[in-house]
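Note that subunit A is present in both complexes that follow, paired respectively with subunit B and with subunit C.
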Partner chain A sequence: MPLAKSLIDEFAQIAGKDSVMTDEADLASYSYDAAVLEPVMPALVVRPKTLESLGRVTRLCNENGLPLTVRGAGTNLSGGVIPARELGVVVLTNALTRIVSINTEDLYAVVEPGVVTAKFAAAAAERGLFYPPDPGSQAVSTLGGNVAENAGGLRGLKYGVTKDYVMGLSFFDVDGQLVKTGGRTVKCVTGYNLAGLLVGSEGTLGVFGEIILKLVPPPAAAKAMMAVFDTMDAASQAVAAIIAAKIVPATLEIMDNFTIRTVEDFSHAGLPTGAQALLLIEVDGHAAMVAEDADKVETICKRQGASSIKVAKDAAERNKVWEARRAALSALARVAPTTVLEDATVPRSQIPAMMRALLDIAAKYSLTIGTFGHAGDGNLHPTILTDKRDHAAWKKVEAAIDEIFYAALKLGGTLSGEHGIGLAKSRWLEKETSRGTILYSKKIKAALDPKSILNPGKIIGA
Partner chain B sequence: MPLAKSLIDEFAQIAGKDSVMTDEADLASYSYDAAVLEPVMPALVVRPKTLESLGRVTRLCNENGLPLTVRGAGTNLSGGVIPARELGVVVLTNALTRIVSINTEDLYAVVEPGVVTAKFAAAAAERGLFYPPDPGSQAVSTLGGNVAENAGGLRGLKYGVTKDYVMGLSFFDVDGQLVKTGGRTVKCVTGYNLAGLLVGSEGTLGVFGEIILKLVPPPAAAKAMMAVFDTMDAASQAVAAIIAAKIVPATLEIMDNFTIRTVEDFSHAGLPTGAQALLLIEVDGHAAMVAEDADKVETICKRQGASSIKVAKDAAERNKVWEARRAALSALARVAPTTVLEDATVPRSQIPAMMRALLDIAAKYSLTIGTFGHAGDGNLHPTILTDKRDHAAWKKVEAAIDEIFYAALKLGGTLSGEHGIGLAKSRWLEKETSRGTILYSKKIKAALDPKSILNPGKIIGA
Partner chain C sequence: MADLRRLARMLGEIDDQLVSCMRCGMCQAVCPVFGDTGREADVARGKIALLSQLGSEMIRDPHQVKERLERCLLCGSCAAACPSGVPVVDIFLRARAILTAYIGLSPAKKLIFRGLLARPGLFDRLLSLAPAMQGLFTREVDAAAGTSCARFQSSLIGDRHFKTLAAKPLHELAAPRDEPAGASGKRVALFTGCVVDKVFPQVGQASLAALSRAGAGVYLPGGQACCGIPALSSGDTRTFRKLVLANLELYADKPFDALVTACATCTATIKHVWPDMAADLFNEGERAAIAALAAKTTDICAYLTDVLGVTPVATQDSAATVTYHDPCHLKKSLGIANQPRDLIRANKNLRLVEMSEADVCCGCGGSFNLAHYEISKHIGQRKIANIRATGAQIAATACPACMLQIADMASQSGGGIQVKHAVELYAQGLTE
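Showing the complex of A and B:
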């Protein structure tokens, strides 16, 4: 059903005529995200150029009962920015890209939601500061999207995730009223921690205005290493041993043989394609600590059976390895028509057990599962390569995904470490939490969004 | 109005007869906390011995419309555990003191809400791990209370506050249904971040069951220093300069002359009573970094005019200084009948301006205000010494408190860095946030607690 012309005009009045799209081709561009789910065509796409008009768009949607999905870069992996089935309005944030301020004395920044993550990190770096959260899609993802999904990344182990950097937030409630929470100080307990609630709420509880992000001094030194293993088990035992030795690497990534070969084929970074498993490790901090930690990591890897360990000679060599790692998803996605990237996460000591479970599941369903991920924080990315058009194959994939989740929960882990629940995983939510959790969440949602127009269906279902 | 005998019996059936108190003397013990507010006698005090009975007590209160205030150690400084005016039930957590597990491989612990903070930190230390949050009252405060208040402490600057350590939480909703949120992994985005919302919610949204807390490897080395200044201004400039130099001390405390003299009189720690201001600084981490940071801090302090800097020779000397600092509130409290400890917080670069504002306010109202606090995170504790029984004096105190809040907000700060809003500051909340924030918060509260029995009146008022 198309939107009434008069309503479209109202959106145009608020956001500007050039900011409202209703062409089939435009609508199609915003009908999907990076999750393997059916696209849904929105009825309208609007691109506010100011925060004020963003608030007014929100209010207009609510007044007219139009379901509203805010979209950053659309890199979501759980269907979080797929519009609603009827009369969905997609609100783009890519005109809201102001870095309002970077405060070098008090170590924070104020940004609009459409600022691209990597651009922001670079701007902070130029001012001598460090914004650690680095989701895989950081080159294009937006900070608003990162906050909505509580995005993780490669540095979660040492530096935490997006929520650890959100000091404050202003957002529009469903009526377009401005809500402010948190502030510019490290300590702030004034009122409910609404920023905490909004982080990871996937656009279902409010529409972000300005975001206040914490910055930290950058590490003085860093060292990147690559450890080669003959078995996945040895590599994952090494991960657990590094953490147990109380070393906290900035990054601690794992890659299985299938991923190594696929990435090397794609990026030609010089990865050892014969290795059964790789650990990519970076330690950072004071130079003396970095040197010692690197030595300890090397010793532990050797003790766990690493056949070789290579230390990056310089920044260029270091970047090459990380770029290869970041290319993992793109590389895997080339192999088969459909790429299902999961992010089941387990306590780090359970990584060896989870890796074995993944091998068993792949064998049981005769599936190709490439596994890589943030081993240091237990956040693995088993990636199933398949073809969704093949009905029989897809049935097996669905069964395998179920088993992957079961395995993670059984090991004390979680459904989703960093991709969110979105549309893809909401049916699993109660399994991990409780009936009480769902009811409590639904009460919050119903109270704050009685018409259910804020990104409906995400997280807790319809 | 007393509770019906039959209802008291129901509490006794759930929690055990010896766990229900209705004696005047018992009730009086739980009628107040550490805030300067009128005591309110509860109708009943109950002390559940199991989490299961805690849930049942919650449900019984809701069924009978009895306002429920959960109380840890009662060290609250904003009236957060003062019971409701009519038929208030105080629920003690001091029988729920189990440290369920400390996981040294995955760096987390599971605790019941009544575990004493310092006891828990010591238990973690015994297992070679570190729990950084150290509110001033840690020797008696409980972890449940810390989570309810999002307690801060001396290490906020480098290590963050309680919310940064809450990985997961189970809690009872008002019906006694168990809600689970978060988990045992560093990354977890499964469902709403209810743990984020519950942290700092002052008992108004649920009753905590098990708390999952993050632990970290302890720093390898630490060095404590005391820098003596001739003016408060020089000391506060030094604070800003240390942070601007990208040094992140574990602790960076300030004390004015009045506080120094009062603390020394109380604790005989050897503080220089002639100093106009002291900075107490601890840097920690790798030994090489600690040595360098300590040198840099010394250089900066001297450049800012420190007349002397003393480095603690050993752990004993170091502990002596920190114990003296921790005694500040107790010491000040001896001086006058009424001690009003505030915690207005500003961005760290604004500390010199805030210090000047405090001096002006003290002069304007002829008040004795001793100021100390966590300078490194902008969290000052101006402490007004007065006598509440003196009506004229108290009027001046109230006016001064108003001005302190205005000054903090004007400098980009917040009403409360770590003490919470409770009953004491709710009338100020809208000033810092917005009307929209209050309405949004009230909607959440009404949806989750329709009879308003969970610690009513706190944070957002009645």
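Showing the complex of A and C:
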């Protein structure tokens, strides 16, 4: 059902005529995100150019009961920006790209929600500061999307994830009222910690305005290395031993044998294709500490049975280590038409058990699964390679995804480390939490958004 | 809608390619058009999704999809950065052909492509009359870039500062030739390309001079046809096929070591687009000839440095500064980036300084510039700002299409910057 022309005109009055899209082709291009899910056509797409008009668009949606889905770069892997089935309005933030300020004395920045993560990190670096969260999509992802999904990345183990950098934010409620929470100070206990509630709320509780992000001094030095293991267990034990030795690497990544072989086929980087597991490790900090930590990590890996370990001697070698990791998804994605990237996460001591479970699941459903991920924080990316056009195969993939979730939960883990619940995993949420959790969440949602217009259907279901 | 089902079946032919896009959206980081508009339908992921949805009849208006598909520079930045290796340019050329076959070619394009471009002799004769007349309609605005603008309001020219046609095209300035191998032992076929022939014949002359100095014998046939990319990018496979066959007539089965061009777009077209389209449009014998020719095709700068041994020399103190723009079809399609720079460094009177974003598209995109001048101009303005920031007096590149765009942008932003092809700068050094 199309929207009334008079209503479309109202949106155009608020946001500008050139910021409202109603053509079939334009609507269709906002019907999907990066998740392997069915597209849903919105009824309208609006691209506000000011925060003020963003607030008024939100209010107008609520007045007319139109479900509103905020979209940044559309890289979501759980269907978080797929619009509602009836009368969905997609609101784009990619015209709200101002870095309002970067404060080098108090170490924070104020940004609009459409600022691209990597561009922001680069702007901070230009002023000698460091914004650590580095989700895989950082070259295009927006900070608003990162906050809405509580995005992670490779540096989670030592530096934390997006929530650890949100000092405060302003957001519009469904009436278009501006709500402010947190601030520019390290300490701030004024009122409810609404920022804590809004981070990771996937657009279901409010529409972000300005975001205040913490910045930190960059590490002075870094050292990368690659350790080769004959068994997954040995690699996993090395991970545990490194942490037990009170070393916190900035990055501690793992790749399984299938991923190693696929990356090697693709990039001919000279990876050991016979290895069952690779650990890619980087320690950073003060130069003396980095040297000491690197030595210790090397010793630990050897003690845990690493068949070889290569420490990068210079920037070029360091780059080579990370090229192998960066190539993982690219290489896997080329194997088959459809790439399903999961992010089941377990306590890191359970990585060997989770890896075994993934192998069993792949064998049971005769599927190809390559696994890589953030070993340091237990966040694995089992990647299923298939062809969604093959219905029989796709049924098996769906069953396998169910079992992956089961396995992660059984090991004390979680459905999603960093990709979000969205549409894809909402029916699983009660299994991880409790009936009470869902009811409590639904009460909050109903109180703050009585007409359920804010990204309905995500996280807690319809 | 039985008719839409027919279109869906036609699109089914490229479904295997369409499905290789995993919708990650990384193309948003590099697409020059998306960078200007921020619209999903302007970026590769959006266009591929639209084609999939048209194929599954989720959307029903092929005209809208065709219009979105044409808002693309075909620069290949997305394909070069694509994590899953989607052959984006290949998909878009095929899709444009399918949609054009379904919807039909516009009357203006039919006249230009089938009436003119497909008949090289007529095209040349008609344009040979133009240089004498163009002064009536245009006036010079920037001597350094060699641009002109409209003398009076013209909807076609708009506010462009464009390069006028050369007084004489290369095919009148340089006689056809079929020389034996030179001192280097190499025999090289030169493919001129329309823009070099008709707008920048001096680039063709410089290519001939450079090849001759490097000891290569040259095969330069008369009656060359366009490489076909303007027709193909408008979905006109019939004209494309005709032009490829006309060129095969001149070049296939001739004994030369390499086919070189000074046009990055022509090089990429012959080397990649001809073979990519061969399966659909050509018979087995023609496919073999195309494959053989494509294998021998390369860029003039790459051939001079990689094969004929031109190397950089020490720069003199009085050297003029020059900065180099990477044509998309050279760097992203063919991986050629160092060679044109080395060729410039082989002229002792030039000092090369790098601009930032040297490999970001200039925004020309051939007919994209005609259809979407505002977007093209925004992208070009960023390019010229990067060029001006270097303080260089000369903006060099290695594609005549980029030269057209950079000359327009240089001239509109105050002029005073010379726009040159790398091979021109090298050849200048040979006579200085």
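The rule is short, and it goes like this: the second predicted complex is superposed on the first by the 444 of 462 C-alpha atoms of A that agree within 3 Å, B and C clash if a C-alpha of one lies under 4 Å from a C-alpha of the other, contacts with A are read in each partner's own complex, and residues count from 1 in each chain.
As a working rule, contacts are C-beta pairs under 8 Å (C-beta built on N, C-alpha and C of every residue); 3 or more make two chains touch, one makes a residue touch a chain.
None of the values given here were measured: they were computed from a predicted structure.
Undergrad: Is A:Thr69 touching the first partner subunit B, the second partner subunit C, both, or neither of them?
TA: neither
Undergrad: Quick one: is A:Thr259 in contact with subunit B, with subunit C, with both, or with neither? Answer first, second, both or neither.
TA: neither
Undergrad: Looking at A:Asn94, would you say it contacts subunit B, subunit C, both, or neither? Reply first, second, both or neither.
TA: A:Asn94 contacts subunit C only, not subunit B.
Undergrad: Can A:Asp33 be said to touch subunit B (first), subunit C (second), both, or neither?
TA: The answer is second: A:Asp33 touches subunit C but not subunit B.
Undergrad: Considering only touches as defined above, state whether A:Ser53 meets subunit B (first), subunit C (second), both or neither.
TA: A:Ser53 sits against neither subunit B nor subunit C.
Undergrad: Identify the partner contact of A:Thr383: answer first if only subunit B is touched, second if only subunit C is, both if each is, neither if none is.
TA: neither
Undergrad: Examine A:Ala244 and indicate which partner it touches, taking first as subunit B and second as subunit C; both and neither are also allowed.
TA: first
Undergrad: Who touches more of subunit A, subunit B or subunit C?
TA: Between subunit B and subunit C, B touches the greater number of residues in subunit A.
Undergrad: With both complexes overlaid on chain A, does A:Cys188 touch subunit B (first), subunit C (second), both or neither?
TA: First partner only, subunit B.
Undergrad: Just checking: does A:Asn146 make contact with subunit B only, subunit C only, both, or neither of them? Give me first, second, both or neither.
TA: Neither partner.
Undergrad: Common interface residues of subunit A with subunit B and subunit C?
TA: Correct list for subunit A: none, the interfaces share no residue.
Undergrad: Write out the stretch or stretches of subunit A touching subunit C in their complex.
TA: It comes out as residues 21, 23-26, 28-34, 39, 41, 47, 73-75, 92, 94-95, 116, 118, 137, 139-140, 329-330, 333-334, 337-339, 387-389.
Undergrad: Quick check: in the complex, which residue numbers of subunit C touch subunit A?
TA: 15-16, 19-20, 22-26, 28-29, 38-41, 46, 49-50, 53, 58-61, 64-65, 67-68, 83-85
Undergrad: Where on subunit B is subunit A touching in the complex?
TA: 103-108, 128, 149-150, 152, 156-157, 160-161, 163-164, 173, 177-181, 183-197, 199-201, 205-206, 216-217, 240, 243-244, 246-248, 285-289, 292, 345-350, 374, 377-379, 412-421, 425, 429, 432-437, 439-441, 443-444, 446-448, 459-460
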